[in-house]
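As written, the chain order gives the labels A, B, C, D, E, F, G, H, I, J, K and L, with residue 1 at the start of each chain.
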Amino acid sequence: MTAETARPLARYSAFQRRGDFIFLSGVIAVDPTAGLIIRGFDDLPKGAGRTIGQTGEFPVDMKDGPILAQSRFRLDRIRATMEKAGCLMANVFKLVQYFRDLDHSPRYNTVRRRVFPDTPPVSTVVEASAMMPSRDILIEVEATTWLPVRP
Amino acid sequence: MTAETARPLARYSAFQRRGDFIFLSGVIAVDPTAGLIIRGFDDLPKGAGRTIGQTGEFPVDMKDGPILAQSRFRLDRIRATMEKAGCLMANVFKLVQYFRDLDHSPRYNTVRRRVFPDTPPVSTVVEASAMMPSRDILIEVEATTWLPVRP
Amino acid sequence: MTAETARPLARYSAFQRRGDFIFLSGVIAVDPTAGLIIRGFDDLPKGAGRTIGQTGEFPVDMKDGPILAQSRFRLDRIRATMEKAGCLMANVFKLVQYFRDLDHSPRYNTVRRRVFPDTPPVSTVVEASAMMPSRDILIEVEATTWLPVRP
Amino acid sequence: MTAETARPLARYSAFQRRGDFIFLSGVIAVDPTAGLIIRGFDDLPKGAGRTIGQTGEFPVDMKDGPILAQSRFRLDRIRATMEKAGCLMANVFKLVQYFRDLDHSPRYNTVRRRVFPDTPPVSTVVEASAMMPSRDILIEVEATTWLPVRP
Amino acid sequence: MTAETARPLARYSAFQRRGDFIFLSGVIAVDPTAGLIIRGFDDLPKGAGRTIGQTGEFPVDMKDGPILAQSRFRLDRIRATMEKAGCLMANVFKLVQYFRDLDHSPRYNTVRRRVFPDTPPVSTVVEASAMMPSRDILIEVEATTWLPVRP
Amino acid sequence: MTAETARPLARYSAFQRRGDFIFLSGVIAVDPTAGLIIRGFDDLPKGAGRTIGQTGEFPVDMKDGPILAQSRFRLDRIRATMEKAGCLMANVFKLVQYFRDLDHSPRYNTVRRRVFPDTPPVSTVVEASAMMPSRDILIEVEATTWLPVRP
Amino acid sequence: MTAETARPLARYSAFQRRGDFIFLSGVIAVDPTAGLIIRGFDDLPKGAGRTIGQTGEFPVDMKDGPILAQSRFRLDRIRATMEKAGCLMANVFKLVQYFRDLDHSPRYNTVRRRVFPDTPPVSTVVEASAMMPSRDILIEVEATTWLPVRP
Amino acid sequence: MTAETARPLARYSAFQRRGDFIFLSGVIAVDPTAGLIIRGFDDLPKGAGRTIGQTGEFPVDMKDGPILAQSRFRLDRIRATMEKAGCLMANVFKLVQYFRDLDHSPRYNTVRRRVFPDTPPVSTVVEASAMMPSRDILIEVEATTWLPVRP
Amino acid sequence: MTAETARPLARYSAFQRRGDFIFLSGVIAVDPTAGLIIRGFDDLPKGAGRTIGQTGEFPVDMKDGPILAQSRFRLDRIRATMEKAGCLMANVFKLVQYFRDLDHSPRYNTVRRRVFPDTPPVSTVVEASAMMPSRDILIEVEATTWLPVRP
Amino acid sequence: MTAETARPLARYSAFQRRGDFIFLSGVIAVDPTAGLIIRGFDDLPKGAGRTIGQTGEFPVDMKDGPILAQSRFRLDRIRATMEKAGCLMANVFKLVQYFRDLDHSPRYNTVRRRVFPDTPPVSTVVEASAMMPSRDILIEVEATTWLPVRP
Amino acid sequence: MTAETARPLARYSAFQRRGDFIFLSGVIAVDPTAGLIIRGFDDLPKGAGRTIGQTGEFPVDMKDGPILAQSRFRLDRIRATMEKAGCLMANVFKLVQYFRDLDHSPRYNTVRRRVFPDTPPVSTVVEASAMMPSRDILIEVEATTWLPVRP
Amino acid sequence: MTAETARPLARYSAFQRRGDFIFLSGVIAVDPTAGLIIRGFDDLPKGAGRTIGQTGEFPVDMKDGPILAQSRFRLDRIRATMEKAGCLMANVFKLVQYFRDLDHSPRYNTVRRRVFPDTPPVSTVVEASAMMPSRDILIEVEATTWLPVRP
């Protein structure tokens, strides 16, 4: 499945522009078309796993797969939403990241590092006891973007 | 009791305008005059319960009452704060919503739906292990508003 | 140890200016030079403890010390970051505060009160189940600042 | 899948007539043909979800779906068993209802209300720590019916 | 407050006669008029506490009060329902008793012993993890009665 | 020890006939003469264990023994009570079965299958958090019987 | 078994006179001769149970028996120790009482009331997480006595 | 409400003189007249809260209020008992202090410091898992006094 | 480090003489000079470990070390306090001992045995859920001494 | 699915011969081809369930199915590995068996008994808190084989 | 009871010789004749307790007795098995030791030290969440022996 | 600190040769010279961290550091022991690996992969609830080696 569309899962907007800022809703690793939660490398586009740490060893991939795949899918969704809003990943200047278990954070970081190779955004990281819609969601990210309206 | 006034419960501001934005503090369902936490339909203005799902069946209302009443009261307080700040509910474009138990979220949604019938705000939803001032608080909402300063 | 420098602990920016706003990353009580977590009055500059409630009674200070010292150190780090960004503590207009245990909040408040003696910022307070990098972190604060670019 | 047949899942009778009474075994939301537990709106006949509260918002439906769908499916199975026993839903005069979590009871009530619009049965409601065959079962209902043998 | 009326708290019947049997809904210690849960001796009619073990010692009564008062109130409600159904306490021949904590059972027994001084009913006793509408309910009793219809 | 007598363990009746029905109290695996709880194969009449699954392997029998022995003993007690009431095991048409741990249910089923080889009773199965008089009781069964009064 | 002797269970003194005071070690319900913990009415001298609330109903006595029997036995041991020290129960003027579960306190009180019918001692009651030598000990009592040395 | 009277809450003495010593029962923050547990500043005499740390900020006072108010009320009750016994607070030379949560101890200390400004008593501090009569009691103090009998 | 001095850690007296009695505050294993908690053999004076059971096997000493070292250090502190009060260890006639885990008691006993080789004191032993100032404290001991004032 | 192949799931060898011994890696019930965990009778080759205790009663099979199917599948995988190593099941002389829950051991034993009808291997059985790759794995078995190298 | 015989408790071999090695099954402290678990000094041969640390103080022996007695009994069983296999304790060169609670390990070590006074075996020590057949088993030991077959 | 020496931490042998096999004791990440547990990259020789995944980002390294550093140190200790025994890492043919938390296993695997780049050993992996000497130990590995005695 792919993350190309970015329509919200419920009655809220995926993004809103206000002045020079574009605000995004918190994004989770749910495929908006199929309504399915990303649970591992198998839920990513073919070959994507290898680029983010899939080892091919079954038990290892079963342990690290959920957080790595969600990290990747979720960032893809943010990117898709941004494009729809007319801006780029590089316009993201702020991230609030909620983890269900902060021990997952090093895995997430290996994925995020490739997305923001240069100046990284400001960042807040906390552990939440749960996210919507179920405990299978390991991470939620709220991004804020800045792209001045051209005069 | 009513939610008309919106002065903060402690040493923080209820809202602050910066440029075209009005930022609100996180709002909980505490009556600012009486200093009492909203715990059910009985703590709402008379008749208000019926408009948000009160059934009149005692055990059902005792189960759903706390979250429904807090959802309603809290949104009323946000509205009151907004009026004081010179803007409207429709100016809210962003909500961060903290629940003590995400199983409450469908109840909250039935209330929120009426408040934002058209374009809904961007929205982040997470479960926090607790909010101030006690575990009776089931939901806290931080709203952000945009109302350009008229030139 | 001192809190003078404010470089981020990992690959994220300490602050980012966008338009008239300066956004800060969430700040925790970790000494950025030594890479050590603040755990009590002994980790503050000499004499600082007495100004924020240290009693000199060993068991009392061992109980209240961690939250009081972290509250102080963390606000010092925010101040240092602000100076680097060219603005003042008084420019902070919004705080999101995550506690590991909300029972710590009254101690934190005694420290914050001195930092914002006049108009306090808007404020959101929630309990998170954990913060980075370990359970010794009792509080994380995300500040937002406003300082119009001079024309 | 449908609930039309009502053969018991193990070595017990679905119902037994004794004198003027028909006694039913406790009924759970398991499809007797497929041997599958009902877990959400998707396991109901197409369109059925909308009649019992499905909203179309993914996270909301994922929260409320399991109890609503089980409530509906289980009542359908009771009805099917009754028909097999030669009587009607209106002949039910007694219900014992076991919930795994009583917070689910308001959702169940919205479904039951339509089934017994007139004189409702006598009713006992308790929370059991588990039902057969697994923790996915949220509710079990034991119905008793009265239909005098025609002389 | 008194237990005289016995109308059900929600949409179910307080009792139903079928043939020679009268079936009662499970009864809990909630005042049907005031919609309040019985929590101790103070919620009983004046003087009633002394007849069921109130000692006048504050901490002792605070410990034993809730279960003793609920036991008494609940049996009063059963009696009131029976009278409305045209029969007597002595017609009760079967009780199913759900406790939230079986350590309460000896206290309940001291109250029940006076109600059925002669031939006691058949009896089933189990511990349920909760009853409606809240954890303050310590006991629920489902009674069945037999009173042949006079020809 | 044997299960021959069936007098109740406390102030309640072992059975009550009402019309054509005989109602039994919930039965647990307690020897009514010795006042001892059945805890394993050793508490059954000699040789009985082998007929219900005793393997002679000490650790295996120590694991499965308690539920198998209680299942057998309890059914013996029901049979004894029935004989006293003038009816047979085959007259049982309804069983409510409370388990302390539903993982025990397959073991219980192997015993019950022999008791009702033909038309089995209607059956309700739930897990209760505890039964009287202690946590050693693994199962309680409430049986109902029908034996028309001969005219 | 009887409580007549009162020698300490380990290397500590049962009592020590200092000036006009006699101090006792904390006393638990262990038979000093047999080295057995009192667990119910059966461990008391024959007939003693009936004097402190034994009902003859097996499940009730199994619930209340341990605390009632320990309360009685322990007070008997204090009396025995006192006699050895040359004084009377009436000389006790202070009790510190540790319970493993304060819900047991009303039962203990019914026993203590008979021992101190007139002026009761000063009394401190707290719940300890455990007492020696095992969790079967429900209560420990430390008594202090005053009996002026006659000149 | 006030703490002026000091009669014991149950069948024990508030104090007993033996030789030159006056022994007090453990004291908790229960109003002996009203039989109510002190739960916050509102349960103290008007204005008393401000003298022991009440800030007027609702959430802060809700956090610190219970332990501060109980500390104050309980010391007032000890003083009242002492006066009845004919001695002064300064005669207290020994305190045993039981907390339900030792994190409360710094708050208690700020109150105690004013009561014993000069030579403080000997002191033992432990955490008990509970005190009578309920978990709302946060602290119990057992005081001992010395006042030689005048010849 | 050594235990020679015995000044209290907070605002309470280390001991108080009243008549012929010397009362001590509860003593824990904290070095009063360094303000450090004793955590193992390394925190004792050199060579002291070997006299109380240190084996030289790293994992064994890491398991038994904390309680053995605290037992020894704490008794040294009591002795130091006594000397300051002008009396001897042999004057101790009463001990109240609070353990965080009673499984530690046999280790403590091996140490105590050497301190009171002859007539042991009266003794009360309970488990407290915590002691001041942190969970590292495994044992607190309150001693009482008697040494008649010489005329 | 079948267990015919036995290639390891990650970077370790399925077996290694050293001298006359063949050592096997710990084996779990994961299909090496499909990378799926065995969860019940449905994951076994058709008909296999009936040979190891499948009853055809849905709830019973859902309870016992996971451990029975894993036991069978795992032994099949050991056999397949052995054949690849050139030896037979009868050459196994040692088993170390890790269970996630030892209550599963009697079910496992009924399967193992058929595999080693004659001289059984030496055997060690312990409960591990988890096995790789997830909590669905109920048992892991490490086998050792002896087959002298023919000269 | 004695540990002289060493037949396995279930369908597995007590030992198996393969080449020069003798492998033993994991051994627990169960008397193979009586089928009873060793629970304390009383279950050892008379006088044996004193040789492994029994103090004669009831509470101390009740705390340390279970692990000390199991350690001794289990080593006796290993010795008996070895003799049957024709070898000596000194031939043991490898031990895997599973504890239910590693805090027991120092006690076990005092017993083991006497059994292997010279060159000790290689040793692995882990904590298992449980051993067969019940939680009363505190330790299981798997020994391996080497005794070259004489040519 | 370095892992060069490999003497056992307690009374057991680091290795034992028997025939062609060398058996090692379970190895944990404790520095045998300093008696200190490895807790992170700082406890490894300088520069070693970078070779096994240290990122230089403080929070990431604090999360992954303990398991990565213990994995490396422990394998170094096995290598040192082997050299002492006269064999090489390549002679290891069997590993039993105990983790305190199997979520650590992917980190451990990245380290192990470099040690056994060719034919990996047979391998058993389980989660133990604890290892010696404290909960800081995250992994214990028992290795077995084969190196035929040269004739």
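Following the convention adopted for this analysis, a residue touches a chain if its C-beta (ideal position, glycine included) is under 8 Å from a C-beta of that chain, and two chains touch if they have at least 3 such contacts.
As the structure is a prediction and not an experimental result, all values here were calculated from the model.
Asker: Hey, which one of C-H, D-J or A-C is the same interface as B-C, over half the contact pairs lining up?
Answerer: Looking at which residue pairs coincide with B-C, the repeat is A-C.
Asker: For the Cα fit of chain B against chain C, please give the angle of the superposing rotation, nearest 5 degrees.
Answerer: So the angle, rounded to a multiple of 5, is 120 degrees.
Asker: Compute the distance, rounded to whole Å, between the mean C-alpha positions of chain G and chain I.
Answerer: It comes to 28 Å between the two C-alpha centres.
Asker: Averaging over Cα atoms per chain, report the distance between chain B and chain E in Å.
Answerer: It comes to 40 Å between the two C-alpha centres.
Asker: Using mean CA coordinates as chain centres, what's the gap between chain C and chain G in Å?
Answerer: 55
Asker: What are the residue numbers in chain G that touch two or more other chains?
Answerer: Where chain G meets two or more other chains at a single residue, that happens at 10-11, 19, 57, 59-60, 63, 96, 102, 105, 109, 125, 128-129, 132-133.
Asker: What are the touching chain pairs in this one?
Answerer: Once each pair is checked, the touching ones are A-B, A-C, A-D, A-J, A-L, B-C, B-D, B-E, B-H, C-H, C-I, C-L, D-E, D-F, D-J, E-F, E-G, E-H, F-G, F-J, F-K, G-H, G-I, G-K, H-I, I-K, I-L, J-K, J-L, K-L.
Asker: Using the touch definition up top, name the residues of chain G that touch chain H in the complex.
Answerer: Residue list for chain G touching chain H: 19-21, 93-96, 102, 105, 109, 112-113, 116, 119-129, 144, 146, 148.
Asker: In their complex, what parts of chain B are in touch with chain C?
Answerer: 8, 10-16, 18-19, 23-26, 96, 98, 128-133, 140, 142
Asker: Note which residues of chain E are touching chain B in the complex, please.
Answerer: Contacts found on chain E: 9-11, 30, 35, 132-134.
Asker: Of all residues in chain B, which touch chain D in the complex?
Answerer: Per the touch definition, chain B meets chain D at residues 55, 57, 59-60, 63-64, 102-103, 105-106, 109, 125.
Asker: Sort out for me which residues of chain D touch chain A in the complex.
Answerer: For chain D paired with chain A, touching residues are 57-60, 62-63.
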